[in-house]
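The block underneath contains the structure these notes are about, expressed in structure tokens.
The letters A, B, C and D name the chains in turn, as written, and every chain counts its residues from 1.
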């Protein structure tokens, strides 16, 4: 690598950058997880996670695992061997969940969708209406497909299920949306909401997080899939007292406590607005600046947490990524599976601000130029600058530029 | 709690105390786990873990999970539904593994043994000899039963299996023995060695670690148990290149790298000798000093990582633990299940030294006195002091006390 | 060294053990010390330090230096070349301040006192009465002589000055007493109170801290000693706005902020009571347990932050210290200058609790036995145990032992 | 402030960004600075600092102080009251050292130079030639004037002194040049080289560092200025054994040890080349991109560690800084004293890379646009990009772009 000095620029869509406060909070001496003091920590994070999922009726569980483990927990706790589930596939992560369901012995009806689009609500509704015997026990939906930068409309999916009067469980992968893109577990009546620690929660990987509705909890009673490590029953038996069935990952829980504090200090809606504002700047850089296309086919699919940038046909996207990493210490996401080589991805979720993204935009531009993509130098930064300078992260708190100028002016004297 | 100042004394048998070097090593910025640089880290820890298991022929796998997850991985990757396994039960942890095997659908033949003893080698051999059809596919053995402070003789168990010419897989729980008590995966031909990060490896909980023999790897081909998160196949497909099937817990891997460095700097055999030396001091305090009994029935069962101390009949061991924690900031292990209230446990594994244990011994003594156990004040410390002053942690490096005195003398002048 | 595993036991009387909270608080990214945000930090610590000095009328200054620098600041800001000061000498640190005053060009009248005693109030008063021309401009007093474990009576010294109606500035070295032993700057009308970060403030060395009375501030106007780095004038010009004349040691300021929070959470008076309680336990170990003598001649001189333990005549105290450090990873303080070899010192200030001290007591005992001092094994721990079990750190919050038992009992069930 | 999320961008010319390795290294438990183990650390840093100063004959001293303290140590240890020194003034920091010398009682002959230029070598030589009585005892030169972004030619100054055959001590302020811009203490026969920890050494402020030539060491014998805290004599008495006259700032020393390792791993000459390469990119952004002027009058004065950017006449530079800080979380340096409001400064020293600077350039541009400076959006980034893409940080290791492409290509497959 060319430059090993300075900080790396991490713009894969997870793991995300850890805030210093969270980093510090994880530097803890070990302690007895069965002590009378421990529940202070555990019950507070379990309870506060519910706010992040926007659920009051549901319950949230934490597993020492990656998000993949929470996928498995969602399936095995609520389904029995051979159960039929319906799932749409439009990217590597929606694919992998389907693959898992098949390997765990479920009968998956797959709706293949062009990569760049999201959950096909109308087709789903048709299938559900046709399933008059209610053989479909669960619907798997990927809220934010990290591989293509596509966000699906879960509210519309729920409406389609309701319109079809179908009782299947709604299982949503919220790994790269939770705490970044609006997610409303109760309002959308999501039954199983799968997430992990290393995205919007701004922690390292290591916690699989699962939101479970009362209806899904009830389903666990009759689900006969073999399970033990991910069995909710053990959690249900111990969590209320503040304990876990096995030794928890202590630094992660302390980090989660701090991350939740940070989230509530900023406010969930402010976080969603900020992600949208930063994403819009990135999209301006891509489409107005570089004159390139996004993988997401239409604005309604645009993800506020990750943008997949299509490279010209004669170029291998993997080269952009490799040069970015080796020459400029910039980590971009690769095209996966069907779109391998056709795109690179810029993650813009978690603890970020405009200038961090400016570094990423400038770096991606340099790497593209290095491998022969003829973008105009500075064009991406200029477009993002124009967007961010003329918009505010949280619209409702908007202050006029003139006011800001005078605000700035009045304190200029401290600089000395 | 009385005193909240100062450091807590953590003497549960896991999680153990994290060395400062490991603590520091875990303070890392996130990075792309799919970068071209990442395999430097992952392949080095996977390879070095093999040395800790003392295996050259086997392979080691790391899961983002607790040790419980590695139990599950051992069973589901090598057994098929309904397979028969043989397991002896003599404490809460040997019990829990049996419970898991039953819940996962295996047919467990249980050998109940008095708590305080370990794996009954002769009875096991008899059963194996009788199993002429080789219906028993696996033998589950808990190397070190954390609940009672008992270490079993795995070499003898292997010999019994060999003498019975039985082909079952040997599955060993090495959670609280690995890197603390001698464990020889290749020599004992252990097929599945289960461990976790939060004991002898001196890390927080969060990594389930599994050593797998070639024979066990072969068994994964035909084992039909449903599995996905813990499926070795995904690991086998990605590990050789230095990658994982899902986002790894980065700080834990960096911490593991440092912990392995520390382990090899001290030397595995030196670590085992140190654990024995420290354990002998604790046992001197218990039996010679306090005149109390250990749960382990005979010296051959004594564990060098945890001592379970029987309290007098009229006393509830939980009171000792509670007073120790609340008044003296000392965390001791509780009696679990059958032995609840009858004992308290002192963990003495991981990153420890004589004076840390002196604090624990003095604190346990004060707590015992507070709840009415009539031990002689100072007696535990005196007995441990006598043992440690007259023995050396690593016998082969023995230096006479006289030499040490003059060594000390010659450098005394720097003190000033 | 014998054991390099586990935590070292640090019982020199400074630097003291850093609480984890302070350790974490110091892990900060650098920032602009001239930004509009910086004064939030700087003004809060400068203001809160006044509470620690118990002054409302005085002002506190922070220098990037050791405590020695604050000694120099006290002298050069208030005295002119050739000025006469009166100082008593009864240990290495009272000696060093005198030495500094001489080297900086002041005329020091020295009152030599037997090491083991403190400021001779009556002799001082006599001298002050005799100084009818008020040639003596300052009186230097060491509140807590760290070398001998002796605390002087500053209130009595102030009374003597008042009784003699002498206008000299009262300059007090509070390095090893501030935030550990009661210190009342306003009530005792201390004019210059010198301290540092690495003792009761529980930080690393690196901050020289100086409390200055209005009278001393006035004296700075006419004092002609050459000074620049330690010139209060530059601080007075910039501190009110929240800035410093030169780049401050940022992590130290963040650590100080956290240390102050910890101090106010516990309460200053509770801190003093705890230090007394812990010191009494140590003294019980020394005198009742080991049957050894303290350097401090009488109980009225006993220091609650450090105990100097006299070793038998035929033994070199440096050997005890060396064996303790090399064999047991225990750092004790050495005898300095006049008392070199005659004693070793146990620091008991800062972030400590009973069991940490138990480790130190047990370790000192083992080292003494190793070098041939015939103390009874376990005797020190037994004596300290008896004291601590029958006393409470903060008397006013006393709870009966019976109550504690039942309190413990009622929560015993969480242990599992 | 607008955005409090994400990392701040610190581009004041000190304190600089702390590398993670250094940050980690400073998280240490306190230890006894008088132990037999401590000299391992202290002697290694004292010895290795000599390499950074490029001196073999000189000695380096570390004070717990800011760099200002090292200025004072240089003056008071080698001069006597009333001694005459010659100093040129061309910025706030050269001014402050002169001010200090005056306050400490020395007779400073001041050479005022236009701000934007450096040490006037010819005028200096003339004055030295005229000083036939050798009344001038020292020459104060600021190697890198941080306030204006001007680097002086110390080699030429030494030659002028030699040509004038003048024996004065050569005292150089290397605070913002050491370990960033080539500095050759022995070759240039610098007698006193003053530095601090918070610039090229990549540490927090808190260490004053002083390189002293044998000639200067000899001068300390006869220098009668009053000094104690900064007296080299105490250091000379204790440093050789590995000790300090007073409690050292332990985390800083551990951090320094790691910083030195990082420096030697990269190589001093490579560090200088990298600083030049990064500085050239910034200068391209300023002059080619933004079409603005630097404060430094000519390329020969250009500093590789800080660039002072002149703002248009009708604009107050403080506004740029304020908006940058409050809206974009970017800390820029202010114009000081004579140039207050006329410029803003971008520090580009220490642990940096291209993309960090891209963030700073983009942020400064946005802030300039916000306050009405009509730069072309993206122009700064484009100019820097052009420079960095067509140059290499360390010329001698130059690899062709084509080679890099294929290098990238060959490993592209790992991205997945």
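Observations on the structure shown:
Basically, a contact is a pair of C-beta atoms (placed from the backbone, for glycine too) under 8 Å apart; a residue touches a chain by one contact, two chains touch by 3 or more.
None of these values were measured; they are calculated from a predicted model.
Under the contact definition stated at the top, the chains bordering both chain A and chain C are B, D. The most distant chain from chain B is D, comparing centres defined as mean Cα coordinates. Inter-chain spacing, taken between the CA centroids of chain C and chain D, is 36 Å. Chain A and chain D have CA centres that are 43 Å apart.
Touching of two or more other chains is recorded for residues 7, 17, 20, 23, 27, 29, 34-36, 322, 326, 334, 411, 415-416 of chain C. Residue ranges on chain C touching chain B, taken from their complex, read 2-7, 9, 17, 19-20, 27, 266, 274, 289, 316, 318-319, 321-323, 326-330, 334, 336, 340, 351-356, 358-360, 362-363, 365-366, 369-371, 376-383, 385-386, 388-389, 392-393, 401, 404-405, 407-409, 411-413, 415-416. In the complex of the two chains, the chain A residues touching chain C come out as 20, 23-25, 27-29, 34-36, 39, 241, 411, 414-416.
Residues of chain C touching chain D in their complex: 1, 7-8, 10, 12, 14-18, 23, 26-27, 29-37, 63-69, 71-72, 81, 100, 103-105, 196, 198, 204-206, 225-231, 245-252, 322, 325-326, 331, 334.
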